[in-house]
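Listed after this line are the structures, all set down as structure tokens.
Next, two complexes with chain A in common: one pairs it with chain B, the other with chain C.
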Partner chain A sequence: MAKNKIILYALILAFTFVAPFAFPNFGTQLATLWLMITVALTWDMTGGQMGYNSLGNIFFYGTGMYVAALISIGMVYDVGDYTNAAGGGIYKFTDAQYFGGLFLGIIGAGLFCSVTAVVIGYLTFGLRGPYFAIGTLGVAIAAGELVSNWDWVGGGQGIALPVYPGDLDTGKIFFYFLFAAVGVSVFIFVKWLYGTRFGAAINAIRDDEEKADAMGIHTLRYKLYTWAMAAFFVGIAGGISAFQLIHFEPLESAYQTINLGIFMVVCVLLGGKGTLWGPVVGAILFHLFKEITWNYLLGWQWVALGALIVVTVVYFQDGVMGWLMHKRPEWFGIRVEKKVAEAAE
Partner chain B sequence: MTPIIEVRDVSKSFGGVVANQDVSMTVNSGTITGLIGPNGSGKTTLFNSIVGYHPIDAGSIRFEGEEISRLPVQQIARRGLLRTFQQTRIYGAMNGVENMLISLPHRKMSIWDALKTYTREDYEKADHLLEFVGLYEKRMLKSGDLSFGQQKLLEFAMALMNEPTCLLLDEPTAGINPTLINGLIDRLKRANTEFGITLFVIEHNMRVIMNMAETIYCLAHGELLAQGTPDEIQSDQRVIDAYLGAH
Partner chain C sequence: MDQILGNIGLLFEFPVVNLKIVLDGIMVGALFALAAYGLALVWGVMNVKNLAQGDFVISGGYVSWWLVQHGFPPLLGVPVAFVVMWGIGWVIYKLVISRVIERDLFTSLLATFGLAIMMAQILNLLFGSDTQSVDLGYDVLYFFDGFIDVPIAKLIGVLMASALAAGVIIFMKSSRMGQAIRATAQDARAARVMGIDTEKVYAFTFSLNSAICGAAGAIIVMVWLVQPFYGISYSIRAFVIVTAAGLGNLPGVIAAGLGIGALEQYGAHIFGIGYQQAIAVMLLLLVLLVRLIQQRRNRQVLK
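Coming up: the complex of A and B.
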């Protein structure tokens, strides 16, 4: 069993490295797939494992974009002047400035989003169920509107970042590996986290928060930390997206509540909430579905997406992993066990 | 006899309904104390007040000498005063062992401790207590799929896992098959003698409570009706009237 797992992980890792070279025409789609996996895994940290369905995680994606962009620009030029020129001025970045800004920018984005998650969490974690979902959605929508009226950060026009200093294909592979690195890191991180006492505590909050309170678990503390960790990775992913997209604006690409903000939830529902592999499987299936319908059913793509959501929510609530767990419980260690040691006593 | 819980003149109303009126009682350390009364007499409300579930309107509640009536539920639980629920509450999506592990005491657990995995001792302790309540064989099943009685036993084992100094049990034998009740009485007594846990028990089954408790309090209409040893309570005419509805 353990050996099979190692082989499986090795194969996935090998595919991760080979994919952009084997399918050079799909570089951007593959990068987006890793972005989907990242946001789905992080959404599941609160939504699946802790029972807090946030519709506002896209806030950290958008905020990550802005923070990363502002840090990288601010290190070299005056931000107000830069955004005022709206990409029209002559603002050169050396390679060192570009990569230095990129790395510091995405790390800063992650840290900033963690801190905001604690602040917003402190205000919204008193809400339960649908109220929490709507409350967090409100935060994301409000942030988009505020930023689009804030001229210093480019207002509704958004920000144009410098282009990758190399040829275009290398740039695509570079961003692919950045996203892949974040996706793999998130997976390893949550796999470890769910095995700790911390993981058990957030599961307890999901199953019965009042009981968890009554047992003395520091529920608010765990909720804040979990969201801060999720926000850290989403912020980083947003930061990378900012550089990959080159130009982004607040409502459609940064705080895109109805696109990525909903997609991440659909990925998790499709794959199976509250499981380690569910978000990954769901992200892959969803991304395939989306690419296929967006290419071959153009004009009807949103209808197809809506149908997918309805079918998943009504007929397939447990997702792929939940269905497997139901069909093959022994794969997941659900069994009646006699005590072997009893005879020895 | 040192008092561990001291309830003094506690009143609690919900709108116009007076659930507790000037209730006073004392639970002594290391004993088993019973709380009885007809349905709707305010027993569970008093439990909820003691563990900080809702604020009280007047009075004072002390645990180990410290005033706790203004503290939130979690902080009281971390002081070692724990309760089980009348409508059993367990973590349904987890199996028995996971339910036990998450119930390890959090009172000294820092965030760094929380990032560790469970140790071999934790698992052994969980298995031992599951064995103690007779759920060892079913420990890998999703606990939401267990029967109500089994969930009740699991909840009791979880409470023991938390190493409380005092445990408030809300109808521990309700819904449990009569042949298992004797086993449960025995386990409750052993929890008291072997683990040294003070028990404060709400119970409708007179045979059970008369068998276990050293002191019994009886509530009726939110007020304290009588108190005394099982024999005194059994022969108290007011208690008999309250239970027969003549009060």
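Coming up: the complex of A and C.
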């Protein structure tokens, strides 16, 4: 690894540690930024690297939320009683119960989402192209609607989780570091993964699935593993979100198809599909755009966001990284012969 | 569970309830079929999957509602919505859709998703998030001792939807432009070679789709209600119908539309009204899975 690269990574890591203390007012926004980076990177695993554009990854986020909440509640109380608001019972969690439930819940959410990814993937990976996108979108919408009719998990009211036991600011920093840890782990994981034989195999599936199949790659197995890995991280991120938000309900915060579900795709497209840094850059740009429009264009923020989606998809589909790769190929280790370049122009 | 069984029991105890559900379903389904036909047209001709389909429908509804608020007769809303949405569809085609036709399929899906978000929000800002409807003020017909009620407004709605569908079919069959559209759908390159201006055909097809949706929306606002964020549920139903019926199969689209309308009403009756949206989506998944299994059977391998 080149020297400047090490310096770059060290700088980013240092910023990650300093950021919540340097900008205490933006603690929640910074945590959300890491969430966006996580979901964008995991979306790119299937969408960018494997060529399967899912619109339903938000399903794992919502499911992760519910699984984490149910595990942490179920360890202490009866879930049906807890979610039944009419009962009027008071439920207290000790520190040990809170943190125990939090960590077991988050891990359980990740594992559960991996398993569901394999099951759903087995049913849907036969769908190609836009049908896969529509099918997965359908799964996410259906799950939201079904959960909001399921009284045992709180129905349309959702679930209220206990508040972080320490003081408020410590809680914010705690959740920031949880999200940051997940984001950094995902980045390191995919950086390693794309360099392995596995990464080459899923790229082959993206480029030509029939040929990859003919070359002896068990395509279905690779697709399932990749989606299960992505779902694991998204489920964990969802589990953390459940505790950070304290109260969540099915349609607007858990299975938020048209919010986070579509944001992650836009992040990746904005940054550059199928590149390592693209999702990260895209998530940062998108998050900035979103926060700015939310603050200064109140009322029109959604219109601006829809316009951003349309413009990105229609006019700027290669994203920032794709554009850079075209303008400055030497940064990516691609050598362009001067004569060839001149001849091309 | 008991409630579900009770609801099913009700269907056998009073067979006339079935008739009511089927009638309601056909009325709903006729309008779904219109939106779905527009989708099939655009999908088949220019390979664009329009996720903003439902928002075109809702926009048409708001055009009609706005007219009625300003003192125009409600039935005028249908042709006006047709014309206005034609214009909006043309603008959207020129700005966005014309640039995604040649691209991969996911692009059009995502671009129209962005459009759907924009349109819903603009409607929300212009007209507020309340549900709106137009009251025609007609009577309700009763049959079987009041078991079945058929509002005349709904009958008019179904008649208008059928008239619109018939008009579009005749247009596609006999007019020069209809021929050009069908030729482009078959093979765009060959059509271009034969002197058809495919760019014009695309623009026309997309505007026509938007206009059909707008007219359907104007009918919907008379018989039910519209709300800025209801668009997605119409989009989903349009996708269910087209996926089930296939492209370029108009009788299939109509049959699937009516069938899905009826199935949804049955589902809402058996499981409760809260599940209606879920049932529509589950039907989509079911149709996709059935198609998948059919295709898997067609796949051949050397042993």
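In this section, the second predicted complex is superposed on the first by the 330 of 345 C-alpha atoms of A that agree within 3 Å, B and C clash if a C-alpha of one lies under 4 Å from a C-alpha of the other, contacts with A are read in each partner's own complex, and residues count from 1 in each chain.
One rule holds in what follows: a residue touches a chain if its C-beta (ideal position, glycine included) is under 8 Å from a C-beta of that chain, and two chains touch if they have at least 3 such contacts.
Note that the structure is predicted; figures quoted are calculated from it, not measured.
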Worksheet item: If you stack the two complexes on chain A, which partner ends up touching A:258: first (chain B), second (chain C), both, or neither?
Response: second
Worksheet item: Between chain B (first) and chain C (second), which does A:219 come into contact with in this model arrangement: first, second, both, or neither?
Response: first
Worksheet item: Between chain B (first) and chain C (second), which does A:204 come into contact with in this model arrangement: first, second, both, or neither?
Response: first
Worksheet entry | Which superposed partner A:315 touches (first chain B, second chain C, both, neither) | second
Discussion item. After the superposition on A, what does A:14 contact: first (chain B), second (chain C), both or neither?
Written reply: neither
Discussion item. I'd like to know which partner A:141 touches here: chain B for first, chain C for second, both or neither.
Written reply: second
Item to complete: Considering only touches as defined above, state whether A:305 meets chain B (first), chain C (second), both or neither.
Response: second
Discussion item. By the touch definition above, which chain A residues appear in both interfaces, chain B in one complex and chain C in the other?
Written reply: none
Practice prompt. Spell out the part of chain A that touches chain C in their complex, as residue ranges.
Written response: 53, 55, 123-124, 126-127, 129-131, 133-135, 138-139, 141-142, 145-146, 148-149, 258, 262, 265-266, 269, 299-300, 302-303, 305-310, 313-315, 317
Response to the item:
The residues of chain B that touch chain A in their complex are 51, 72-74, 77-78, 82-83, 85, 89-95, 98, 101-107, 109, 111, 113-118, 131, 136-142, 158, 162
Item to complete: Please name which positions on chain A make contact with chain B in the complex.
Response: 193, 195-198, 200-201, 203-204, 206-208, 210-219, 221-222, 225, 274, 333-339
Discussion item. For the complex, give me every residue of chain C touching chain A.
Written reply: 49, 96, 99-100, 103-111, 113-119, 121-122, 124-125, 232, 236, 239, 243, 272, 274-275, 277-278, 281-282, 284-285, 288-289, 292, 295-296
